[in-house]
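The first chain written gets the first letter, and so on, giving A, B, C and D; residue counts start at 1 in each chain.
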Amino acid sequence: MRDKNKAAVTPPMGWNSWDCFGAGITEKDLLENARYIRDNLKEYGWEYVVCDIQWYEPAADSTHYHKFADLCMDEYSRLIPAENRFPSSKGGKGFSVIASEIHAMGLKFGIHIMRGVPRQAVHRNAPIMCEGVTARDIASDYSICAWNTDMYGIDCRVKGAREYYSSIFKMYADWGVDFVKVDDICNTEYRKDCPYSAKKEIELIREAIDGCGRDMVLSLSPGPATIENGRHLSANANMWRLTGDFWDDWDKLKAMFRRCEIWYKYVSEGCWPDCDMLPLGHLNVNYPKEERYTNFTREEQITLMSLWAVFRSPLMFGGNLPDNDDFTLSLLTNKSITDINQHSTDNRPLVCENDRAVWTCIDKDGHRVLAFFNLSDSDLTISVPAGILDEGKPYKVTDLWTKDEKTCTNAKFSVNLAPHNSKMLTFYE
Amino acid sequence: MRDKNKAAVTPPMGWNSWDCFGAGITEKDLLENARYIRDNLKEYGWEYVVCDIQWYEPAADSTHYHKFADLCMDEYSRLIPAENRFPSSKGGKGFSVIASEIHAMGLKFGIHIMRGVPRQAVHRNAPIMCEGVTARDIASDYSICAWNTDMYGIDCRVKGAREYYSSIFKMYADWGVDFVKVDDICNTEYRKDCPYSAKKEIELIREAIDGCGRDMVLSLSPGPATIENGRHLSANANMWRLTGDFWDDWDKLKAMFRRCEIWYKYVSEGCWPDCDMLPLGHLNVNYPKEERYTNFTREEQITLMSLWAVFRSPLMFGGNLPDNDDFTLSLLTNKSITDINQHSTDNRPLVCENDRAVWTCIDKDGHRVLAFFNLSDSDLTISVPAGILDEGKPYKVTDLWTKDEKTCTNAKFSVNLAPHNSKMLTFYE
Amino acid sequence: MRDKNKAAVTPPMGWNSWDCFGAGITEKDLLENARYIRDNLKEYGWEYVVCDIQWYEPAADSTHYHKFADLCMDEYSRLIPAENRFPSSKGGKGFSVIASEIHAMGLKFGIHIMRGVPRQAVHRNAPIMCEGVTARDIASDYSICAWNTDMYGIDCRVKGAREYYSSIFKMYADWGVDFVKVDDICNTEYRKDCPYSAKKEIELIREAIDGCGRDMVLSLSPGPATIENGRHLSANANMWRLTGDFWDDWDKLKAMFRRCEIWYKYVSEGCWPDCDMLPLGHLNVNYPKEERYTNFTREEQITLMSLWAVFRSPLMFGGNLPDNDDFTLSLLTNKSITDINQHSTDNRPLVCENDRAVWTCIDKDGHRVLAFFNLSDSDLTISVPAGILDEGKPYKVTDLWTKDEKTCTNAKFSVNLAPHNSKMLTFYE
Amino acid sequence: MRDKNKAAVTPPMGWNSWDCFGAGITEKDLLENARYIRDNLKEYGWEYVVCDIQWYEPAADSTHYHKFADLCMDEYSRLIPAENRFPSSKGGKGFSVIASEIHAMGLKFGIHIMRGVPRQAVHRNAPIMCEGVTARDIASDYSICAWNTDMYGIDCRVKGAREYYSSIFKMYADWGVDFVKVDDICNTEYRKDCPYSAKKEIELIREAIDGCGRDMVLSLSPGPATIENGRHLSANANMWRLTGDFWDDWDKLKAMFRRCEIWYKYVSEGCWPDCDMLPLGHLNVNYPKEERYTNFTREEQITLMSLWAVFRSPLMFGGNLPDNDDFTLSLLTNKSITDINQHSTDNRPLVCENDRAVWTCIDKDGHRVLAFFNLSDSDLTISVPAGILDEGKPYKVTDLWTKDEKTCTNAKFSVNLAPHNSKMLTFYE
């Protein structure tokens, strides 16, 4: 049996199209971002290029969906790329040409899907790749997405359910897909009053990936995942979202600290509780009403990157990479920070108050790292928590963002932080 | 403006096909029940013959729906009777032949509909009777039935929503429909976390009836309606359900007392909070697994009829009428009881305890009526509550079910009741 | 049996000490307000002078309680007035001297109590007026106030519970109390997970009043009362609060419209759903941090008075009356408005939207009254709802606040209203 | 700083008085159970002798409390043992004599306390061991136990709060207490609508123990603890309850599996999520209405012990030890099982279904252990989950309860289990 944890030995790093292109991503934009990664980011570990929602919807053009739209679909009720947006998919080639190009850059390719079977297939009573079964037979009459009209959930108990999921993941494997983000499936407690079981649908998807012949990272959305399901998510997925959609809003960033405090025990090889994409750089590029550079201040961006690093969240950049300014690029090319994210151990919170947080880990060289966060709206002095450093010894301290070094002769060390700012320090004896 | 209250000056009385035929009612069964009413019940006030859910589904055959079934629909996305089940509807005649026959018996005709527009029309992008608008345009992407796959709710804010409802009610008026039970619309608080508004959809339906050129009783299902919406329901509907589906189960009957206690203030001309159909006689006739004569004991049936009478609930019989035995028929042909239901005043609870209830009203002759209910599982003696009768006077007391008469010289009168039993007494000075 | 409804044939009108003196009211302030009513308001129907919470706490001085304070108590665990604050109570006279003075002014006297038995009596194991029973025996170990430490609730099932309530109400009757506001008892659903029953405690209080030998208005606080308990409250109390504490805040005033819409069916002789005191004039007189004249604009004050009038809420003024300015006094001495409150019929909402409301009633002369409310933050034009006036006829229209008269020849009449403003109009044919 | 985790390096094992003596435990019973442990159980690791609730209440005699009882208390508002029940405490010796005796047996001594300060001290305005501060000053007016009337919670923000907790734990240290079970503090989300913070009170208790000069295990009750507080509990306590009170009821035992699945990540040195006492043997000895030998079948007892072992719950026996029969004793003296509980690693669930569970761990010799549980009411065959054993190899398999050994040549091994039964197997290569 394939070990699902081997598909994501460290937290996946890459780029996702949603924050900059919404549902309107095209082949051209996708490949431009891939080339930017190849040229600027690959050496720091950035690897995945992920095409987000509705690549099968010809008219999709922003973060807002066209309800009940006609979707591109093959004869087995499987959604396929819209040719007007992904010209290389013509002739039934799906995403295989794009995947090949990305692979040729030394990168990996991912796609987004909604759980379930297309509603249009159900209402057309279209066949699926299972003798004598139609889309109508496998659709659940109880489970329906609250925010998008493309799909019905699957009734996992009936014949054809397993075969349908197998048929789509085999197609993705043929295309060369390395990463699948499955949506409308992760915040399952929300639906607890109905017989539909998202857990069973997740298990079917796991099984379909295990049998598709190719390693694929399985990422589940949206959150908030509930901690009561932590074991099930760990057993079946590689990433799962801790919150609803994360955007460039301080309240959401502050709230993420509480979520990380709750979930840090689940961070392990192949299991990466997910703080969501990084809404940095140029956002909502093709949607005039919401187009902007990130609303986060520079201090807040440092805080965001530091938390995602020390918690070991997946790192999926959300802005349009070619539009990055120098500061934004510098956030992604700090080797000390990406190393913390990829290779640290003993990651855990030490202080979790409303106005502050302190996290710690051991870096790959065995040094103690402390991350100090000022979550309040005033200046704050935060001390090293008792017991984490040896009080008698002198330490050399390096700031991982500024590269400043200093010596402290005593563990009674403290840092002064402006509102929303943070520091990430390594302590050498 | 038509006054909606004039369509139901007293609580509607009649028969509904659901409890005996589920979704599988046919023209033949419908007319047989109509003829039974004409021959046995009309003189007691029974009047409406109501065809319940999915008359537009050719394969419907029981209380269980065929999910995502193909439905009979006209060119304007309006559902029409399935010809295999309602042969007189051939040639586009809809229910007009059946309605005429029922009218010729001196009775009235009703139908059930689900709120909204057919999903199949939405996915076919079919036109509605509004220039340039399709079913897809008016369907709400937020509102969907949790237990039946026929329809999407309507987005009341968009062009075509009003016109669609107008088009279906005009068709019903042409057919000769006198009563419409609209389903999946009454327990609206259930959906409070979504932008869809059942209140607005109810208002559109009200407006469509007001403009259709024919009086129609508007009945809303399912419950529980929430008392916070009492004013809105009173302003727009003639009947609304107080609970989920009521069946022949003592716990449900006992629970109805609390619902009646909560709602009695809303009982008034044209406004009839609805305790649901009477699950008496022969039930689920065509569904072998659930076919039965009512599970209620005779005492419980007396209790049910007494509560529905003194509360002034609509009275819609649920069993297959031609299969009635003498006892069942006797419940429907007690003129004293139906008169209480149709013509009493000052209806209100006096005692509402877990083990007992006492209700009162004034009958059409001006006499005080008291209904005593033993809700417990033991024998119970219940006294006349203080203050309701004049303590000094002698009274003659008539039992409305047994017709027994006796004299009591003192208001300190009490009744002995077996478990689940009840008595309904008139007090004459 | 005394009829509890006769104690409050019309909505009680008067003054309550809470909004201006908090828990720190003294005899002097109480009588000054009483004299103001006698001299300025009595002729308009204002009648009750109510001493609010903690008259038994010597150190009470503001709206904030001293937790676990020592309270003045007699030998039967009954709280009595603090002599330092109510000097006439010396020598065991309780409130009898004050009540006599107020009665001599032609007014009525009321007091506030917390449900239950003093905690200090329980922990001292003090006797109550029931042979062999102590405060400890009747205290409920489950029911405790969440915001004040004076009392434990009563376990209504045990011997002594009835006798304790009887003993305090007999004392109040001896003092000459005409009105009792019982607190911490009305929002009972809040406690549904514990065996304590506020319903039973309300019933014991009802019984104690019925047996005390004097008519007393029974007022229950705080809200929100739940509409499911409407019948029980109607059967036992004269007033019950619809919300939590109401203060001079537009959001609370706007929210009251929804509460009135829900409760209007319960307004009837002896049964007055209560919108709470009028936080107008000079508030929190003795509490520097919160001392102020009402924050409501004049328009909002008109809106408040109009809603309380047309809904027929009790009218209990909350400010320190001697500090009234002319405008505040004018709100209380508009005979047309108080007449609507005291003597109108057919009171009901016609329009209940988020941005507007229209209510109606018939005044004591039989004329139709319409109250229009702009609940939005923009100017608004509101029309007479269809069906309420005879469309063909000309009407004379009088504005009840400005006394302006005009003639309208058509029911298609509308009013323009500034944000938060309202109009109350009488229509004569 | 003392490391709190060193106070409980392995899951605490011992005996607690609640399940057999309720609040009525006496010195004599306590010491008899201690002697039983010394003579029969000590060699298997059983060590703690814990005196549960209300040792300060002279009249306590069963699992039911005397509400508002007078409690034994010293001059600093600290509760002390009732001399009539614990004679050796006379002369202000508290529990020191008993602790010495138990220490002399080679065992450890524990007590139960309720969080907070005695209500009687508050209402007497008694001093605490902090100059100028009284019990009244530190009591929280918001936080009160829902099921026992002894205490008020502490307002952790005020002067004296810290000093009060310090004063009681210093006294316990003087007595020789090794284990403190603090009650009414662990299911904190229950109180989330009030300003009282159980988290802060837990932190004060932690601080008081750290400063008291003696190692003490800190055990928090009752559950359900919420998983969101996992980090806080881990940082401050040694044991915390996962559920409400656990008794000899299959539904409660079955439900514990879901709780263990949720909490297993928190099991680590010094941090022992607690499945509660073992309600085995002779229960409620002194309470005739509830006196019994455990209702669990032998199979269910095996299942209970196996889950507590493989999850590494604390093991606190609840029955009266001297009344043990041979079977009960055998459950406590199976060295293989107690070794799993004390010394296994990699403890985790592999299968968590409604009808079955499989857990695994590595025993102290490095062998893989699998525990199979049939949670259903039918016979069941459960296979070894894929991936946990090396499929190619032969294994020797030992049943830890029966000591049966067999060889299996293939990992496709399965066990047949009667309803509610379980097996715990070690696999050697």
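The working rule: contacts are C-beta pairs under 8 Å (C-beta built on N, C-alpha and C of every residue); 3 or more make two chains touch, one makes a residue touch a chain.
Keep in mind the model is a prediction, meaning the values are calculated, not measured.
The chains that touch both chain A and chain B are none; no such chain exists. In terms of the distance between Cα centroids, chain A is separated most widely from C. Separation between the centroids of chain B and chain D, computed from CA atoms only, is 56 Å.
Chain geometry summary: the mean Cα position of chain C and that of chain D are 51 Å apart. Mean C-alpha position of chain B lies 40 Å from that of chain C. Residues of chain C in contact with two or more other chains: none.
Across the interface of their complex, chain D is touched by residues 65, 67-68, 70, 119-120, 122-125, 136, 139, 141-142, 144, 146-149, 194 of chain C.
Touching chain C in their complex are the following residues of chain B: 1, 3, 227-228, 230-232, 261-262, 264-266, 349, 352, 386-387.
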